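Each of the next two complexes has chain A plus one other chain: chain B in the first, chain C in the second.
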Partner chain A sequence: MKRRFTIGAGLAAAVLAASTSLAGAAEKELLVGVSDALTGPAAVYGVPQARAVELAAEEVNAAGGIRLGEDTYKITVLSYDDKANPTEASNSVRKLLDRDGARFLLGFCCSGATGAVASFIQNEDAVMLVGNAAERSITTRGIDNLVRTRPPADYTGAAAGTFVASKGHKRVAVIGALETSFYAMYVDAFEREFVKGGGEIVTREAFGLKDRDMTPQLTKIRALEPDALLVVGYVEPAAFVYRQSVELGLEVPRYGFTSGSEEQFLRVVSAEQMEGVWDLRPTELTLQSTGETGRAYHENFTARFGVQPSPSSPYAYDQLYALRDAILKAGTAEDAAAVARALRELPVPKEAVMQYIPIDGRMFDENGQAYTTNGAFQWQDGQWVFVQELPSVAEDYSRFLSSVDG
Partner chain B sequence: MTLTRKNGLLYLAILVGLIVLPSFISVKYYLHLSVLALIWVIVAQGQNLIQGFTGYVSIAQAGFMGIGAYGTALLGLNFGLPVWLTILIAPLITALFALVAGYPSLRVKGHYFAIVTLAFNMVIFIVLLNLTDVTNGEAGLMGIPKPGAGRDGAIDFADRTTYYYLVLIAATGVTALAALIVNSRLGRVLVAIRQNETLVGAAGLAAWKYKLFAFVVSAMFAGFAGALYAHYQSFINPEIFTIAQSMDAVLAVILGGSGTITGPIIGAFAIVFLPEYLRFADSFRLVIYGLILILATIFMPRGIVGLASDALGLLKKRLAR
Partner chain C sequence: MLELVQQITNGVAIGSVYVLIALGLTTVFGILGIAHFAHGSVSMFGGYLVYVLVAFQGVSLWLAIPVALVVGMGVGALIEFLAYRPVRNANHINAFIIALGLTMMVEGLNLQFFGADQVVIPTGFDRVFEIAGVTIPETRLYVVLAATVLVIAMTAFVEGTKTGQAIRAVAQNRDAAILMGVNVRSIPLIVFAMSTMLGVAAGVMVGSLFAIAPGVGEAMVVKGFAVLILGGLGSIPGAIIGGLVLGVTEALAAGFLSSAYKDVIAFVVMIVVLLFRPQGLLGGAK
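So, the complex of A and B:
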């Protein structure tokens, strides 16, 4: 009898404890705001980024959300189109902060719009995670509540310059969106290292984001008889350069910095015309360069949205997992400053797709900057193939970044 | 255009409305939009002088905003001049550029003038983009300081409500100045130029001087607005000062009511708030916005002010019966 009572009392206590626990547990909403270029020429980067955040949020929610004590946070993503325009981006973020109540801001594919938000975000009770925007100054200002997953353009440009010099080229012609500062920054760093290797840049030809006919510049380049061509710019104009260089009979090795997917290039240029092109960029997503996590991301993204992810889209995917880990580490989703501090102490999340190089064991350095390896990708038989890593030392660059004033 | 008692009461009512507006705004996002709208009031009042009163459509106001914005930012960042001083210098720098651009531009009339000013805006944009050593190119200038002594000072201009009142004072001053100009002999000559420029010449008046005056003053207003914008946003890059933004100034005047003082105020708020309210339509919002503008231009040639005035007249007639 006594035993039955004990069992009964035990069961009752367990049921009571469970029900108390259930009564105390609460499901809360964690609003994540995305500001990105969802329309316009920069949407080739912005749309895949916004989708990547959405995918990551769905995965975290499916895995039970973010559990903090008795509370479980389910993520809601609210995306606004900033058209890569600074005023639009400021408006989008103001709306997310002031009207919608978002404290965590993700996305930001493009440097101009990101710079505008970065200029006021330090006065806000919020955390900003920047994705694909590669302009160096975004992280040189040491803004406490801002981190970036993509390395700056000059970090990669320097590695690319060394690589092209090692290929034995002496005279390289550059054609690119040189009015865009991070492309110009990439080329400057490229030139510095390329000249060290004994080479010279014979010309720098520019095109605009909306330009589609680059034959005048390519005709001039052909007359200069360079050893190689370097193409830096957004996917679509770069694809036109690759196509028109073949059409003009410019038969030199072609190197580039674009971060475009196969699908994005093939809308403009044929696989045959792309054959042999190199893309020298951070080691971003391609099926050859990535591990199991990256392949799963590629598969899930394609299944969810019906298109392949662009190589740079995981910068945004990784943002959400970094944010989740930071919230867990901070033990709060309400205190944005605590989450911002936790981000700086964070190791690389296990779900991260990009191959980050931790600085002192942390994903982000003291400037809030993350680094990946740089890679040489070559177009072979209709797809990007990862060929080799490019020489780059993240620790050295991190020290350099800390020395840059504003 | 004389300032009647009725008009005076209307302006006073608008001013009182704008003074108490922050008390009714619970979401600071709308305060942010209101600050932008008031900055656009300054631009639109300038645009109205040259477009609404003189009859010359200038498509260079965003370029002049850019000159003012970069002027104040660069003077502050490179020479350490106080923000208040650089804000006051900015319109003067803009005036110099407008004088140089306006003198040859105003020799042509009608659509040709619009095309010349459009080209001028493009030149400003290209210079801002390519003079990277000075302007930092497409990356723009970050960390442009707020006026005053910052958060520790007596007045914190980083606070949006405080900045709202600063731009309200500026917009009121500029509107009063515009009203003063159009109600003077000068303003009457500008209207005469709009109606019959040849006749003005025949009356022995050097029309070009008046046109140049209107063009330079409108540019100064834009430069002043650009300076206020730069210190409000703390960031500028060339993207903000393109022809699209100049078209917004033109539209603000058309939509609000060309050749009136109230029109640009209403038009400025419309061009800032309307695209934001249409965001619910997602990617169609700009199509809807464009459609509204086309319909407004066709069916409301006198703008919102004209429409309201007609409606009021109709109402009075009905009541009098």
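So, the complex of A and C:
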């Protein structure tokens, strides 16, 4: 009886203490702005990213939000469509900053739009977390309040060049969105390493992001008789290249840099036409290569939105958890500069889906750049299969990045 | 040589789509004098419709296409009746403004109903034919054949039927046609129905060969007007020749020069032709 009373009194005291504490606590809103390509050709990357942020925010809120002292922050996500267009992105971010009062900006799938925002974000009282945009210069400008979860394109291109040379190819034809600088950067880095391995690029054929008929370029490539094809570009045009290369009887090994999901490719090209295609990219989400958090993310994303997540979408999911941890580390959600500093000191969040390589134990290096491993994925029997990691040393690249001026 | 033949073959398939787009435009412009800018967006509506029927309703492609063509005829007649007829006797600028407004409206409706994602009509045509080293994918072959059949049917209709005669009569002299007892109120309806049906066929071809997405219809109508000017305003043979010339020029430019400039080169060819023949390749001299 006494014991029961003791327990009952203890419980009452605990409840009283909790209610006293709650009386002083406040639930606040933490507004997270997302600027991403929600329509247009780049929406294949932007929509999954925006959804990934939404999913992560729901998870954080469901787990009680972000608790700072007596305050609890619940995350509200506000997304704008920047159409991967620099002007639209600048307008979206200005709206988020000036009208909506957002201080934390996430998303950013595409380099042109991201570069435009990066050019003025340093002057703002805000923190910008970049996702899929792979243009190197985004993290070479020394912007203190910007970090990026995806490694730059040339980091991956160099590893891809070494890999293709190791396959014994000597004459590679390139076709891609070469007017987009990060794709050109990927190919440049690819070529440097491929030439070291004794190979040569026999031609570089370009297509526009909205082009869907690549048969003229492929016909030209066919006449040059290369022993392999490298395709760099957004998922949809790349899918048309794969389809039309088969239709033209271009029977050579095909390598690519696209980061498209099975579902995205199969809207354009059949599984048979994709058979054997390689995708040489950062080790992004693929069920065969991911861990427990990746599988949970895949399952939750699919259940929430009715479609599978694209391989690159976790860059944005991880942004939100990095932001949460940075806010907790900084002890404030009001001081954007403190949160930006905390981001640079942060270890990889335990919920992160991508397999980051920490630099000196931190998720982001001194440039604000995160690194993942690179991987070779091959289309086998209707799906991407992780075959092997590509040789890439993040520490060396991080030092190189620090040496690049602007 | 083989590469040249292959490039020309590539261009003919694309040119066939341009032919159908331009045929619809040239019929409306030649007979009614309306620059129907919404033609591209309405064409894409037809492509979307076939996609929905095939991909979501499980309808056979061979049934979905005729259904879309008939719906297209109805939509075309409706556009004429509701949008253009009320301003038929007004200043030309009124029809011009309506055409622009209609383009934005149809494009918006497409976006609303079918979303922003690009869609590819599943055809199941995966075979590839090879003739003397030249490869012809099955879909492209059917596109060329279907365009040929539609052009012949259209020509036969205009040249060989009473309705066709009435359409030509209205095109030549509307007042005289009235005096001859032609029901001129029904002719614009028929012209729009025919034109939109051809456009829908082009939309299905674009959706099968490539993809339908917001903005594609607008790009197609620009090409269609280029063909119209190249071939000669209001000329059916001109639309055919112009469409093929544009398609082949684009393929040759992308294959032998640079894909970055294929549109520019195609339009340079158009300008050069117009310098020497301002009335277009087959347009009548004035």
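Keep in mind that, in the parts below, the second predicted complex is superposed on the first by the 389 of 406 C-alpha atoms of A that agree within 3 Å, B and C clash if a C-alpha of one lies under 4 Å from a C-alpha of the other, contacts with A are read in each partner's own complex, and residues count from 1 in each chain.
Assume a contact is a pair of C-beta atoms (placed from the backbone, for glycine too) under 8 Å apart; a residue touches a chain by one contact, two chains touch by 3 or more.
Remember, predicted model here, so these are calculated numbers, not experimental data.
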Touching partner for A:Glu135 - first (chain B), second (chain C), both, neither: first
Touched partner set for A:Thr39, first chain B, second chain C, both or neither: both
Which of chain B and chain C A:Glu179 touches, first, second, both or neither: both
Touched partner set for A:Ser270, first chain B, second chain C, both or neither: second
Partner chain in contact with A:Lys95 - chain B first, chain C second, else both or neither: first
Chain B versus chain C as contact partner of A:Ala116, first or second or both or neither: first
Partner chain(s) touched by A:Ala228 [first = chain B, second = chain C, both, neither]: neither
Which of chain B and chain C A:Thr87 touches, first, second, both or neither: first
Those residues of chain A which chain B touches in one complex and chain C touches in the other: 38-39, 179
Chain C - residues contacting chain A, complex: 2-3, 6-7, 10-11, 14, 116-120, 126, 128, 130, 135, 137, 209-211, 213-215, 219, 250-256, 258-260, 262
Residue ranges of chain A touching chain B (in the complex, touch as defined): 38-39, 80-81, 85-87, 90-91, 94-95, 97-99, 111-112, 115-116, 118-120, 123, 135, 137, 141, 179-182, 184, 406
Residues of chain B that touch chain A when the two form their complex: 27-33, 36, 129-130, 132, 136-140, 142-144, 158, 233-237, 239-240, 276, 279, 282-283
Parts of chain A lying in touch with chain C, wherever the complex brings them together: 38-41, 43, 179, 205-208, 210-217, 219-220, 222-223, 236, 240, 244, 246-249, 267-268, 270, 272-273
